[in-house]
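Pasting the structures here.
In what follows, chain A forms one complex with chain B and a second complex with chain C.
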Partner chain A sequence: MKKKILLATTGSPASFGAARVAFEMAKRYDAELLLFHVAGVPKKGFSYQEVNDVRSQETVQVDDDYMAWVEEELKNTYAKQLEECKNARIILATGLPHREILRAARDEDVDMIIMGAHSGDSSDIYSKGYPGSTLQRVAKAAKCPVMTVHRESASYMGGFSHIVFATDFSKQSESAFKYALSMAKEFDCEMTLFHALDITSKVLAQSDIEDKLITLRKRLRDVYGPKMGDFKNFEVDVWEGNPYVEIVKIARERMADLIVLAHNTRELDPEQARMGSTLEQVLLRANCPVVSVNRPDKV
Partner chain B sequence: MAKKIMVVDDDKEITSYLTQLFKDNGYETVEANDGSEAHDIVAKEKPDLITLDLEMPNEWGPRFYRKLTQNPELKKIPIIVISGLPSNQYAIQKAVASLTKPFDRDELMKIVKQTIG
Partner chain C sequence: MPEGILCNKQPIVTDEQLKLTLGDKSGKQYYAEMEQLEVDTDKLWSTIQNTMKSRLKTWLNICAKCGLCADSCFLYECNDRDPRQVPSAKIHATLGEIVKRKGKVDNAFMRKCMDIAWSWCTCCNRCGQFCPHGIDMGVMFSYTRGLLFSQGFVPWELKIGSGMHRVYKAQMDVTTEDWVDTCEWMADENSEEWPGLEIPVDKEDADIMYTLNAREAKHYPEDIAEAAILFHVAGENWTVPSEGWEQTSLTIFAGDWEGCKQQVLHVYDAIERLRPKRVVGTECGHAHRATVIEGPYWAGREDGQPPRPYIHYVEWLAEMLRTGRIKIDPAKRIKEPVTLQDSCNYVRNQGLKNITREIMSYLVEPGYFVEMAPNKEYNYCCGGGGGFNGIGKYRPQRNIALLKKREQILATGCKLVVAPCHNCWDAIRDLEEEYPIGIRWSFLKPLVIKMMIVPDHLKPQDEEGEEE
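On to the complex of A and B.
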């Protein structure tokens, strides 16, 4: 099946990691790549065609010349990648970034959105602890999986070979599991089904912890084993600790190219679901791309 | 007996430069032009050390390393990453060193000598 990937980019260094993964995926898996950029947010109730330029933050009159200049800038920024990726299109828009990204993803019926964790503004704050608001809103509402590449960390080198699927056994995790399994089958990857036992707010005897680990490993096998079908290249593991730390650690230990998890764990209604703190921390800290999946569409 | 170093890089100039450098310093060498070619050669030659590029046409360095570590006979071979990619030190974290192209030959030789003598 032909895949379509939407790379939402500001063209700034904060999105270079995401761009590298998106171009490499498009090339390796023969997907169509839409290079999508929101040129700025229109001022004055959207009635004036005047935007804050993404890079300079200056107010600019939107006309054909300006948009042509923005497109040229993007072409220059990604010149090398565009040269190697023949099936790419640049799409420009003005408006609120998350709304335009979602609109484009819907209109173009894309299979995946790839973006950085934040735009690169105030990077000191964002790079330490919080994903940007655009990602939060896109991940919450997107019907397709959203891949986040936060750090330019030389991860995802030349294709997927190991996927870590992290679960808390929630309903949302079912869609994430289906997606992880279909990726593992499609790209012939190894897969680790992982659960992190949260012991951060409790004092437990070691034998209690180990009993829980045994029980949870069994639960992983019982819940997901029957759904694996003829796919046998997987293992299950449970580590105790702080969940986001353990997910990042097992991905590093297994040299995973991809982490898949649901983006929220408690809220059943996707409209109400905010991005969970575990996912927030995983996608800022992981050494590989992270895909959040909440909905069964496009899985 | 001379220790053997395997050079894995798709850039012919880099492989010939490294090969010559290692030979001049008394090591045996073998070459591979990408990760998939390197799989067969590493099993046959059992080198004492590997210098590994990350970005190569067919099989990239990290994927080659992943398969290497799945073979108990080969997984302890020390790796030196030599790559021009940004943040290359995170790609193979168990590598003995990660050097960025263009690299310093003296630094490389120092690391090689410290690692395999």
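On to the complex of A and C.
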């Protein structure tokens, strides 16, 4: 199914979980794996030979030697996996990580992007993985599903057995649904169609909440039921609370190994979109890989 | 050794030579070769005789060395008022000497001139406003840089920069394919949020042709998308050329006169080919200087004008805000103290001071706009102009030069600086990196996009989303 997977990696331990999923999936699907690394962020205006190394944050001169060294490092880091995965290529770039990831995904027409995720504002952020704003920007603009794996413990070990699809009934959710369903079929696993009723910003009586839950369950069934085709192994559920908390909770309860949701923030400024975003919070807290889908292409 | 492999009197004109020079880490070999580079003193003298116009000759002769220009120069002030940094002292120590000795100068002298021409002066033209004789060291140093370039004494990055323009017609290795593809990519990436958004390439007879900075295509394509969004919202009939879109000119920083002419002709050719009613350039200071202020003379245009009216981004934006084609949501106006960086290259050199303030009046809640002091045509260079920002060899000097801007910004008490010039934007970013003072900085485009009222018909339809 997946033909080309782009693994955006910093080569640091924070991206090992993502790497493991990427190699596993590549093997399973016999897909081509692009090991993509942004060496540095251009530092000095037009003098773009000078970059801040993504990991050390030190200023380095980008030349053939340096790039060869970076490539060697990556090869060593993933030596074992690369040995098993014959169809892999290393691609290096310099630039702003989110831009270069998106550029490569477009140039190579990839079917999925897999990346580690990190959020926070510590200055050694790059030594951990990509900062949250990189992920936000990639998830927002990518034309293919974007899978993020926050920590190694959340990386998958084999096939998927239970997928939680969380919807807010947005247009983007339609694409996310299509993707979740095709994964569920592919893996012949269980699927939970889920909606979280956001009660954080309003005060509602208990009876109101219960009424709403009933209506929403019906809506879930009405919207997605007819689209399930011959796939029967699913249930629907609606919980109330803070959406990201509820999504993470149900995933844990169902022992899900994949969460699929739409990325549909309308916030234009990724720095502002960062903190509150359901997607970002889910993937930071989830114990399994999270796939976000924003567009109908490639699902 | 008369000429080195990397450091020589020839400009870079081939991709191979460009890559070779780029591959030289920090210009190590390049600068080593420079120490051996022979000065062609006869050629230097004949160049001066052929190119030094009477204005410069007169300036050199009439300068009374009175020192009235001293305080005008931010580099003099930042460097503990070192007498050698007085504008007139700098030019007499360099161009003055070369002329006096009729070009008979040696290698060490030329290297000293290079240091002064690129790290003691940003060609910001501020001193020219204070000299009783109107002597402008910025102009004198631009000329001196040209002499140095022709003899191969030019900083490594600028040798590369000029080579980029000659090989790729852009300050970075962005090919026509890369560029056109980037336009498609950006239109595509933003089309969901902005239905109908287009970046039309090579449309003939449009109202506006847009030109920009190659860095946008290379690293910050969002900037292109932002320009497109604003043209879209304003309902402009616009286009970008597939060739001749690069408006900047590192050649002007390098002193590569021939390269300057070539680069601006690419842009003018695009104008002639597509026949737009007007041309709008991006938020870049030196690009404007290169294509609008000096370009016509390099290109040998008798009327001293570009082929079509050619305006800076701030002029276009002010017009849109004034006529209401772009409307700002009053609720979203900036409600924190905010200051404005006046770019030497279009404020001092073209007088666009009031127009930038008019823009601020739309964007900022009354009472929150704070002027730097001094400001407008008397504003100081950001500290990174004239190529200073990009030259590794002169980074320590550049960092000192940032101090004036730091002082100015601190005095405003603002945490937000609007900088509608790429180079100023870079310098202010570096300022925060070198001497953190807790400021943010922004171009105009993203600010306006955040604040404008988007007409309903331009919003995405079938916005279903949340229930209830």
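Just so it is clear, the second predicted complex is superposed on the first by the 261 of 299 C-alpha atoms of A that agree within 3 Å, B and C clash if a C-alpha of one lies under 4 Å from a C-alpha of the other, contacts with A are read in each partner's own complex, and residues count from 1 in each chain.
Just so we're on the same page, a contact is a pair of C-beta atoms (placed from the backbone, for glycine too) under 8 Å apart; a residue touches a chain by one contact, two chains touch by 3 or more.
Quick caveat: nothing in here was measured; it's all calculated off a predicted structure.
Q: For A:K3 in the superposed arrangement: first (chain B), second (chain C), both or neither?
A: Neither partner.
Q: Applying the document's definition of touch, where does A:K185 land relative to chain B and chain C: first, second, both, or neither?
A: neither
Q: Figure out whether A:K27 sits in contact with chain B (first) or chain C (second), or with both, or with neither.
A: Neither: A:K27 stays clear of chain B and chain C.
Q: Could you tell me if A:R217 is touching chain B, chain C, both of them or neither one (first, second, both, neither)?
A: neither
Q: Counting residues of chain A in contact, which comes out ahead: chain B or chain C?
A: C
Q: For A:K249, using the defined touch cut-off, is the partner it touches chain B, chain C, both, or neither? Pick first, second, both or neither.
A: It touches nothing on chain B or chain C.
Q: Once the two structures are fitted together, what part of chain A is touched by chain B and by chain C alike?
A: none
Q: Touching residues of chain A toward chain B in the complex: what are they?
A: 151-155, 157-159, 161-162, 252, 255, 287
Q: Can you tell me which positions in chain B touch chain A when the two form their complex?
A: 35, 54-56, 59-63, 65-66, 69, 83, 85-91, 93
Q: Name, in rising order, each residue of chain C that touches chain A in their complex.
A: 22-26, 157, 160-161, 171-172, 185, 189, 192-193, 215, 218-222, 248, 250, 384, 389-392, 422-423, 426, 430, 446, 449-450, 462-467
Q: Contact residues on chain A for chain C in the complex?
A: 42, 44-50, 61, 63-65, 95-96, 99, 102-103, 106, 141, 168-171, 198, 216, 219, 264, 266, 268-269, 295
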